[in-house]
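Structures are listed in the sections that come next.
Below are two complexes that have subunit A in common, paired first with subunit B and then with subunit C.
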Partner chain A sequence: MYWITVLVVAIMILSALAVLLLPNLLAAVAASSVVSLALSVVFVIIRAPDVAMTEAAVGAGLSGVILVLALRRLGLWGLGDDNHPRPGDSLQGSGDDA
Partner chain B sequence: MTLPPLEIVLYTGAVSLLIIGLAGLVMGDNLVRLVLALAVAEAGVNLLLVLSGFRQGAFAPILLEGRVPGPMVDPIPQALVLTAIVIGVGVQALALALVLRVRRAYGTVEMRTLRARLHEDLDAAAGLPPETSRNAPAVERPA
Partner chain C sequence: MRNFTSLLFAGGLGFFLLVLAADLPVGAAPMVAGEGILGQGPEAVGAANLVTAVVLAYRGIDTLGELSILFAAAAGVGLILSGMRRRADQRPDPEGGFILLAAADLLFPLLVIVGLYIVLHGHLTPGGGFQGGVILAAAFFLPLLGRPGDSLNHAVVNWVEGLAGGAFVLIGLWALAVKGDFLAPMLGKGALGSLFSAGTLPLLYIAVGLKVGAEIAGLMSTLQETEAAEP
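Then we have the complex of A and B:
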């Protein structure tokens, strides 16, 4: 149990650092969802299963969906590969990536 | 008072999340990343609150067939954190709505560009000429 806790806390801290350090915002949102999932595992370990359920559903699921939808409306949606035009990015797209 | 090693690891994780989130709030330049850092700090605070009711070798606060199976962890911080998680998502949605409005008004979500454009707008509203810097001397230096 001790080493499982150490592993999960290490995953949590590393992905929290990744939230701040990743240059791509979509990857940062994914890392924040990983933080919430690892945190829900920690809540199970410290015997708070109701909080763990809520954290996994709301913190990882709903908040990730809200953040990604906001990124799409902000126009920051992308995987950082700007050499290829994205669909809907420009009007003269080649249309072969549908 | 010496903590058991499991609780040392858990407290380290909670405080680390809080510190990482606060560092992101202070040093971040992108408004979306500020919202993400706020979520990380909030996760650390939630873990710290639930940890305050934790005790080693206790059961989850659930009645089994109407009887208490043994010593339980404190359920009151868990109920509070349950509310705080949902409120946190509400705060996050409100912050993202504000970021969308900022983007619509100023065309950027980067703090530096935003601050420069905000100062331009303030100068224009105050009737100042736009090219004056706030740090520039008002008159020429005497020879």
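Then we have the complex of A and C:
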């Protein structure tokens, strides 16, 4: 159990560093969800299943969705990013109608 | 200079946290109220899940405060974003791919069942109104991810939210009138561990679950309906 805890905490620290260092904002949001997911495992290990469920549902799920929606609202991420055309874009479109 | 100030602040904060952590008896908390609640909670309240007994019976008014905070936050987001609705001439995002659409259809009933189960069994097993409510909100938001043109019926969401919040306060006032304590458990305790036990606690958790679910589903739907900023 000790080494499982060490592993989970190491995952948390590495994902937290990834949030700071990743240049892709969407990947940073995903990494912040991983921090919460690992934290919920820690809560299970210290026998707090109620808090673990809250952390998994709110921290890993809800806050990630809200952060991504906020990125979209701020124009920092769109469905047409990364040079992949969106399904609705015409092939000749300039792709600047996001 | 600014970096240096930030470093100083972070270092100072870390130092204080370490000082606090060094004095913290990890694993052997000095429980004063906790010992009493652990000892008499199951008999006094009748909830097999002691966390629920604390959240709804011993500290029920704190839960009402949490609901008010959540309501204020959701109302603030709605107020700010209400002027930024997608205009009629802007086309919404295209539909999701096959995997997202099929997964949304498949997961919707499962998520609703899991969310309702967690809400209804909040007084027996880990979980409760807040966790189940968030899962319910996720269930109703998932189809919107696949079909961004659709929208939740905000009138229904607001009615569910208002009625659930009102029901929570009314149950509390009912207990105040009968027993003299706001949110005191009512309706008898029942057999410890059965579904119909712990008096009004399951009813309170159903109200909390519906309110949280409606609030968060409405919040995410509002965020999704706002048009993306022009790049």
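Here is the rule we go by: the second predicted complex is superposed on the first by the 78 of 98 C-alpha atoms of A that agree within 3 Å, B and C clash if a C-alpha of one lies under 4 Å from a C-alpha of the other, contacts with A are read in each partner's own complex, and residues count from 1 in each chain.
In this text, a contact is a pair of C-beta atoms (placed from the backbone, for glycine too) under 8 Å apart; a residue touches a chain by one contact, two chains touch by 3 or more.
Because the structure is predicted, anything quoted here is derived from the model rather than measured.
When both complexes are overlaid on chain A, the residue A:73 reaches subunit B and subunit C alike. Applying the stated contact rule after C-alpha superposition, one finds that A:54 touches each of subunit B and subunit C. When both complexes are overlaid on chain A, the residue A:34 reaches neither subunit B nor subunit C. Of the two partner chains, subunit C is the only one that A:65 touches; subunit B does not reach it.
Looking at the shared chain after the overlay, A:2 reaches subunit B, while subunit C stays out of its contact range. Contacts of A:25 after superposition on the shared chain: subunit B is touched, whereas subunit C is not. After superposition on the shared chain, subunit A has more residues touched by B, the comparison being subunit B against subunit C. In the three-chain superposition model, subunit A touches both subunit B and subunit C at residues 49-50, 54, 58, 62, 66, 70, 73-74. Across the interface of their complex, subunit B is touched by residues 1-2, 5-6, 9, 12-13, 16-17, 19-20, 25, 28-29, 32, 35-36, 39, 42-43, 45-51, 54-55, 58-59, 62-63, 66-67, 70-71, 73-74, 76 of subunit A. Residue ranges of subunit C in contact with subunit A, taken from their complex: 49, 51, 84, 91, 93-95, 97, 118, 126-128, 130-131, 134-135, 137-138, 141, 216, 219-220, 223-224, 226, 228-231. Against subunit A, in their complex, subunit B makes its touches with residues 5-6, 9-10, 12-13, 16-17, 20-21, 23-24, 27-28, 30, 32-33, 35-37, 39-40, 43, 46-47, 50-51, 54, 58-62, 73, 78, 81-82, 85-86, 88-89, 92-93, 96, 99-100, 103, 109.
Subunit A contributes residues 49-50, 52-54, 57-58, 61-62, 65-66, 69-70, 72-75, 78-79, 86-88, 96, 98 to its touches with subunit C in the complex.
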